[in-house]
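Consider the two complexes below, in which subunit A is the common component and subunit B and subunit C are the respective partners.
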Partner chain A sequence: MKRLMNRHPGSIGRVFLTLLPFLLVVLAYAIASDIRLSENPSDKLLPSLTSIGSAVERMAFEPSKRSGDYLLWVDTLASLQRLAWGVGISALLGLVVGIANGVIPYVRANLSPFVTALSLIPPMAILPILFIVFGLGELSKVVLIVVGTAPFIIRDLQSRVLEIPSEQLIKAQTLGASTWQVILRVVLPQILPRLLDAVRLSLGASWLFLIAAEAIAATDGLGYRIFLVRRYLAMDVILPYVAWITLLAFIMDYALRKVSIKLYPWFHGLSKQGTAA
Partner chain B sequence: MKKNSFTHVLSLFPKLLALTLVIGLAAPSPALAKDKFRVAWSIYVGWMPWGYGDNAGIVKKWADKYDIEIEVVQINDYVESINQYTAGAFDGCVMTNMDALTIPAASGVDSTALIVGDFSNGNDAVILKGKPSLKDIAGQKINLVELSVSHYLLARALESVGLAEKDVTVVNTSDADMVSAYATAGVTAVTTWNPLVSEILAMPNSHKVFDSSQIPGEIIDMMVVNTKTLAENPKLGKALTGAWYEIMSVMSGTDEAGIAARTAMADASGTDLAGYNAQLASTLMFYQPAEAVKFVNSDALPATMKNVAAFSFDHGLLGEGAQDANFIGIETPAGVVGDNGNIKLRFDPSYMKMAADGKL
Partner chain C sequence: MSFIEAKALWKEYGDNTVLERVSVSVEEGEFITIVGASGCGKTTFLKMLLGIETPSRGELLLNGRPLPDEPDSDRGIVFQKYSVFPHLTTLENVLIAKEFPKAGLTGRLFGKRRKAALAEATEALQAVGLEHALDKFPAELSGGMQQRLAIAQSLINQPKILLLDEPFGALDPGIRADMHQLTLELWRKTGITVFMITHDLTEGFYLGTRLWVFDKVRDDPHSPDAYGATITYDIPVGECDHRTLQKLEGSLGGDKENTEQRQQDEQVTTV
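Showing the complex of A and B:
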């Protein structure tokens, strides 16, 4: 008989096992909600799936009574723009400073301890300073994401650069490469997939800082809406928003992984044709 | 709201499952006569007495008198404390009249305003940077906690100069960050409450252009308890009310005990005695139960609640089921506001009356 560790579920079984925990959560929710609603039909803490459904319809497919906007889409667009700016700037900073730190000892001696110290400051604790310097508009929200995630990406890429075998760097130099050429031809191509990895891992933190920023001062955004309607316990709006955020984050993570596999198959142990090497 | 067949099937789903499955997620059903009660409070000038009364043993003394236990819990986040009360984690909670209508009452939790402690008499204010008159507010961005009493105050302020909310842009801003937000160049107008108001007015070029003393008696701070719990346990109402007015008589005194009590409350709210006295000056405290009873019995209360209900309905705070501002019934001694068949918020002066008559 095959050992348990060698037995694999079939493709249908795999789908079932994947969906099972999700279904159980929905089921447990539906039962708990039903019990609460049978005691108080107006209970808002655990609204029924039907009222969640009608809240989704209201937020996503009907124009708002007050502004005429389709709120879910307006909020999503606003949040994604802030997130794209924040993550984009963080990634760029991470790439530039991370490589400079990793390759050039003078820069490393100068910046590396500073970046380490910066990365250890909890950004939420210095919010008032960020506000006064960057104002309360879009800029401060993007800055909060950058402050929260860029130091992490920089540190990660710096250590990835330092992991590049010194033989490679020496070989390139014996072939006559300058510092700039080593960065461009040896370091950069090996670091880019690691950058995508670091960005993937920091997406969770980026969302956290985005929502925190929107909770503090905003006129739109996914985090804004959640914290606004929390004022009257509208869980029928909050729960689908949370599910939507989770879905968006999952799609981003998945897309980054696919891009990485497509562009850098060697990094994932694959040949150019996408089969295992 | 139209129901498509998919959501209809979804709605049947849990009912079938609830029959076949027993899961420990059920909300615990409250025992009929429980002896232990929990009430929540959060930091605000008019609610600091609860913390003091708990620490000084006054609440325990009154609970012992009626042979019950009362746990007084401080919650750092005001809205969260109301949400917890609404979800059933507390038997009572301090809140304003507007939040009592829009959170527990709108969630179907029948609630009673047991003790009306005070009303804001200047504690909430509209502040402009560099502009001395309320009329200058037109076209500005105003930072405030959206859907809170600040928002209500702003709506009343705009009304008073013939403007409407569409003439301004409201920016939802966390109260914790209001003072630092005001210090930034982009912020030119805020609406908020004390102690933030005094912090902000202390900054240069700040003008208070409207405050709650211009709408006296409309922003009311009270201890709200679950109506069903109160009906089953009148002892809870008696103990809380008795404790409250004992605290009031201590803190309103000019003697050493009164000063010590106010100093303790000042410390707990992060200010000093002078700061706390200044906040008390813009709060109309009902130190005597008879004053509170008179206020609750007045004709002004239903008129105020009518305004509050209209504002709440306009901003979608009464829930999707509400067809108009009269959806939720509010019972006051001078008459019912809204739907008589759906009363979810009750102003009940009977316990304060007992205190006034010395019957506790």
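Showing the complex of A and C:
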């Protein structure tokens, strides 16, 4: 018999093992909810799966009685827009400042300690400042995401640039490259897949800051809705919203990984055709 | 006036003297192999030739002028590893060398100029036997193929000097013999001046026209960094015989084991 560490599940076994913990959680919830509801039918803490289902239907597929909007989609669109702006600006800042810091010693001496200091400011501590300065609209929420994630991405990309073997940078110079050409043709293409990695890692934090900002001041958005219905102990809305946010985050992470494999096969040890090298 | 001339060259890092009183001159087209114990300044000397280190004292001249203190397209280099760009295919790795000097802000060539550059790059890769791997990433190539690529890349812009920093150190003996053949062939064809660092003394004897040994002349056991190394042997390789080889092995502090290992390597190489 092979050692445990050398045994691998087959493809069907793998799917089963992947789904098992999710199924167990749902099952455990259903049982616990059943027990509570049999003792007190008006219990709000663990609503039954059917009442969660009808809440989802109400939020996603019926127009709201008050505004006529399909609330889940309105909230999702509002949140995703804020997230896209915040993450997009962070990624762009990270790319520009990270590469400049990594490649040009004068910029690094100038900016690197400053970025480190910025990254140590707890973003939530300056949220009131953002609301005061940028108002309660979209801008302050986007700025919170940028403040929260850009310094991390900048620092990460700076160290990724510094990890590029100096041999490559010297080699490019011996082939006649200018500083700009080294950045454009040697550093940038090697940093882009690492940027996607950094964005994937910062997505969790981006969602955190988004929901925090929406919870405090917003009129729509996934975070806003969760904190709004909390007043009525509407667990039947909160739980599917949380699951929906998790699913969205998972899809983004998955999509970014697929994009990275598609665009930068060399980074994943694949050949140009995408087969294992 | 010599092509390259070192005049009383010193290199120090604080109290640590790496090189001292290196005075030597080199003519165009020579193939110089450099051997020496680890940490004896071979690589430092190569870095000065490359322009990423500057002499602490003395002068290093190219055609009578101080060498530029940053790398440029006059001096090609092949390192032991990391010499090629991992995100570009074999063909793109050579193409980029044609693009850098000619293309401006975009760093790329287009249209007719790109076609011409591609043809030239393909030809250069044929010369090193990589025509069947044009579309592969470096990670898909063996160590020997990567070094062939690195050499093709370094030579395509016709630099005056080629610097090789233990380029074949990580290769199998059989592959290494092939690479020696290729290097000699390209050197004869281009007439370029070559400096090659090697750990392998027999390689140093076999290749090239001139062998340098870097070693410390003075040594203070209480302060090993006080004195630097210099060129202790400067031999036209044609005149080497077996006794010289043995004498050099001794001077390199070559312990017996090392010598035997080298002789074994040599046998393998000649088989």
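Keep this in mind: the second predicted complex is superposed on the first by the 277 of 277 C-alpha atoms of A that agree within 3 Å, B and C clash if a C-alpha of one lies under 4 Å from a C-alpha of the other, contacts with A are read in each partner's own complex, and residues count from 1 in each chain.
To be clear about the criterion, a contact is a pair of C-beta atoms (placed from the backbone, for glycine too) under 8 Å apart; a residue touches a chain by one contact, two chains touch by 3 or more.
Just so we're clear, the structure is a prediction, and the values are computed from it rather than from any experiment.
In the superposition on chain A, A:I126 makes contact with neither subunit B nor subunit C.
Of the two partner chains, neither subunit B nor subunit C is touched by A:A117. Which of subunit B and subunit C touches more residues of subunit A is settled by the count: it is B.
Residue contacts after overlaying the shared chain place A:R58 against subunit B, while subunit C stays out of touching range. Applying the stated contact rule after C-alpha superposition, one finds that A:W266 touches subunit C and leaves subunit B untouched.
Of the two partner chains placed by superposition, only subunit C is touched by A:G176; subunit B is not. Overlap of the subunit B and subunit C interfaces on subunit A: none, as no residue is touched by both. Every residue of subunit B that touches subunit A in the complex is listed here, in rising order: 1, 3, 6-8, 10-11, 13-15, 17-18, 21, 23, 25-27, 29, 79, 83, 86-87, 102-103, 106-109, 143, 145-148, 169-174, 176-177, 180-181, 183-187, 315-317, 319-321.
Of all residues in subunit A, only 27-28, 30-36, 39-45, 48-51, 53-55, 57-58, 65-66, 127-128, 131-132, 135-137, 215-219, 224, 227-228, 230-233 touch subunit B in the complex they form. Across the interface of their complex, subunit A is touched by residues 50, 52, 70-73, 75-77, 79, 81-87, 89, 96-97, 99-101, 103, 105-108, 135-137, 139-140, 150, 153-154, 157, 159 of subunit C. Of all the residues in subunit A, the ones that touch subunit C in their complex are 165, 167-168, 170-178, 180-181, 184-186, 189-190, 264-267, 269, 271-272, 277.
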